[in-house]
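Several structures are given next for inspection.
Across the two complexes that follow, subunit A remains constant while its partner is subunit B and subsequently subunit C.
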Partner chain A sequence: MLSDKTGSWTPVALSADLPAGTVMPARTPAGRIALWRSQSGRAAASADRCPHRGMRLSHGFVRGEALSCIYHGWSYARTGNCLRIPAHPGLAPPETIRVETHEVEECGGVIWVAVGVPTAQPPGLEGVAPLRSLTAHAAVAAIETAAGAKAGAGGLVWQAQDAQQIRLLLAPQGDEQTLIHVLLDDNSSLSQRIAASRAVERLRRTAEDLQTKGIAP
Partner chain B sequence: MKLYDYVLSPSCYKVRLMAALTRVKLEIRAVDFHPGAEHRGPELMALNPAGSIPILEDGDLILSESAAMLTYLAANAGPEWLGSGAPEETARIQQWLSFAHRLTASLGGARLHEMLLRPGDIGALQAQGIAALRELEAGLVEQGLRGMRFIASDQPTIADIACFPYVALAPDGGIPLAPYPAIRLWSRAIRGLDNFIEMPGIPRLHELKPEPHVEPGEV
Partner chain C sequence: MMQDAMVDEWYPVGLFSQLDVNGRKTALMGEPIEVALDAEDRAKVTCGDGRTLPVCVRYGHVWSSLGKPQKDLFAIPEADQPGRRLVDVGVIRVRCSPLRAVENFLDIAHFPFVHTDILGAEPHTEVEDYKVEIRQQEDEVWATQVKFYQPKAAKSASGGITTEYMYRVPAPTCSVLYKTCPPRPCEWDVITLFVQPLAEDLCDVWPWMALFDDVTPMTDLIHFQQTIFLQDRSILENQIPRLLPLDPGMEIPTRADLTSVAYRRWLKRHNYTYGAQLVAQ
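== the complex of A and B ==
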């Protein structure tokens, strides 16, 4: 989604779901990433594979400004260079030991990861605030059918029954699964937020039914 | 207090974890659950005719339901784990304590099938497990909107301990946890509690340990 000639931005997670000092797995159209946030609060994305033995870095841990592999503790900076190899404490790791990284932008409480080299910024999301993310076992087309609306550059605007307008950012995860980021008017009350969270559960059920029955376009 | 225990059982771990968190010392009696099926033998069947573990024995009190064991440990040594007594919170605790049985049946069933080759319909067990995880995720999202970090309250209760182990071990049954951001944060909050203990497959938060420093030449 949101592609231009040279690259695109994928919404991978909500800022609130990645506190400082944590790492989580995520997916972009280019593959699996380890998405992490340093102690000082900077988000970063690397390929989800340690160049040493291939362990997923999303199983690792964050100390200070580095992401460490759970297997042998090799640690990496947000720019991808290896900072430390615990079994060789005297060694300054050579520049050639690197993990592939992706550009990260955070705006409006959403974390976007670049695939390729986008020329534009991720879309602005004025007036809405993120509520939650959830995964549906349904393709984007089934979710669009269930919502009765198409996704555009700023996501899909869904007029839920008995609830206010809900904005959805849809990120395909492969295997006919879709990560859905739910955004609401930033003045919503607690009861409106809870109602919207429940409404999106219903939308997911409808979309998954459509997917299973094969009646999505 | 004597716990008839199997180290790989998530239900036994609930009781060990609750005891650790409330600083109660348990006498552990290891049971040869697999492959010996000792829990079905005469000695343990005499204590618990249901033929399940854990069993908690304290004087002439014999408990065979893990939720009752969590309640007993908390009532003895950590009443704050039973909640504040507010009606809504009390109801939520009971709701998630009962819900925990569904985690045992679905996620636990899938795990037994994958790890100990128990017969069963793995597809159905995994689908029920995903449905249960989604229910817990939705509950935690709503708690988060209310400004609460745990499933029944802003403080951890026995309901969190009842749900945590089978959820944390869901990947053993082939059910990934990546799709559940609220469960990830909740699991971190539990693993970061003072006096938290591990079980095989549920590690402590590695980053809470000090970084080891080895001088060149020591390796």
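== the complex of A and C ==
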């Protein structure tokens, strides 16, 4: 995670895991969000709560350029304003009905969501390409201990045994869980990618063991 | 917590037809209770502290209370009308406030999205104006002249019809729905929602029906209602906050939500706040 005094960027998902016309739940240090991609391909993030009846918007559906709540179909633009209330099709929803939104940046196959107002762009990740994401039941500290390296602004650079160098982006999920995005040299062969995927699964098990035994700092 | 006026109300605690002498362990407003048949085949409810609690058996269910009910259980005159089939649907456990479960039952605007192609379907999403009142003499919330287009309103319905509804809230965790009866246009089908508050954020929902339908097998009638309530559960377990906000500001009602507005107002007026959130957080 890259942070400065006014805000930070959280890597919430890989671009490939959010196809056009879908929504998924995600977490930032500021709370739960509904992360969605419009039909035309733009990623957007809003608070994961419809202001009408409190339903999670991540259970909703995407049509065109809007995210709709699954409960009553209220739909919202990427800017957060309510576009339509199906129970009252003739009514233009007032400006006051809106969901909180977050700035989204997508670069190098990673979707970043802003918490606060970051002054800088998300870290550039040149020369690497995303491989996959996985969730560890372990805090960031346990993963750092397992990897023998600390996470910096551009993630954690890990030299795994029997695998090439792997870069990990770590996003804390609360409850001692961490979402790990795995990035590899963008020239990696299929067998290198398979080896890296297995190496990260081993790392996860090691980190989870450390977490369970309370060995992690 | 037990200062709440809801402590003196009646609540469903099980189906009478499923009781036996061994008893059923359950809970009522956070207190462990046991519901059993006594030696004379009468329902008996015992609290965890050893007290014998008030009991009545009505509408297929055993009803009890942790406090001292001031009046008899509400009447449903249609329950005694000859020719109706009485359907014990069973129980659905939902991790939500008992008040949220009732509010969802009072809502029709969700039909096209949650009960798609059964109780509603796009583009028929509009909720026309209806009448809502708190009837002073009965002290009940009533919504009347509620109309909605339904692709398959009941197990006995063969195609889409505009269904008319009346809703009644005679107790804080109970609602009675009167609904167009496809085989008998001059009568109303009765579908009820009886909610047992296990805790402020956990409840057992006991739907019950009194229908004019001599054709549909009992199993199909039960499956139909269970399908509907399981769809509702996917909503109810994902609302934030779990408790029902009674103060304005936390949620935004529209004209379609006037029944819910009246229900919340009625709850607040009576200090029925078990399962409610009073201050916006």
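The definition used in the following text is that the second predicted complex is superposed on the first by the 217 of 217 C-alpha atoms of A that agree within 3 Å, B and C clash if a C-alpha of one lies under 4 Å from a C-alpha of the other, contacts with A are read in each partner's own complex, and residues count from 1 in each chain.
Basically, contacts are C-beta pairs under 8 Å (C-beta built on N, C-alpha and C of every residue); 3 or more make two chains touch, one makes a residue touch a chain.
These numbers come from a predicted model, not from an experiment.
Engineer: Regarding the shared-chain residue A:R56, is it in contact with subunit B (first), subunit C (second), both, or neither?
Structural biologist: second
Engineer: Regarding the shared-chain residue A:R202, is it in contact with subunit B (first), subunit C (second), both, or neither?
Structural biologist: neither
Engineer: In the superposed arrangement, does A:L14 touch subunit B (first), subunit C (second), both or neither?
Structural biologist: first
Engineer: Mind working out whether A:I97 is in touch with subunit B, subunit C, both or neither, as first, second, both or neither?
Structural biologist: Second partner only.
Engineer: Determine, under the contact definition given at the top, whether A:H88 touches first (subunit B), second (subunit C), both, or neither.
Structural biologist: both
Engineer: Quick one: subunit B or subunit C, who's touching more of subunit A?
Structural biologist: B
Engineer: Could you say whether A:I70 touches subunit B, subunit C, both of them, or neither, answering first, second, both or neither?
Structural biologist: A:I70 sits against subunit B and subunit C alike.
Engineer: If I apply the document's touch criterion, which positions on subunit A are contacted by subunit B in one structure and by subunit C in the other?
Structural biologist: On subunit A, the overlap between the subunit B and subunit C contacts is residues 70, 86-89.
Engineer: Per the contact definition, I'd like the list of subunit B residues that touch subunit A in the complex.
Structural biologist: 134, 137-138, 141-142, 145-146, 178-179, 181-182, 184-185, 188, 205-207, 211-219
Engineer: Give every residue of subunit A touching subunit C within the complex, in rising order.
Structural biologist: Those residues of subunit A that touch subunit C are 48-49, 51-56, 59, 69-73, 85-89, 91, 97.
Engineer: Contact residues on subunit A for subunit B in the complex?
Structural biologist: 13-14, 17, 19, 21-22, 24-25, 61-63, 70, 86-90, 131-135, 179, 190, 193-194, 197-198, 201
Engineer: Flag every residue of subunit C that touches subunit A in the complex, lowest number first.
Structural biologist: Contacts found on subunit C: 109-110, 112-114, 122, 125-127, 234-235, 238-241, 245, 250-256.
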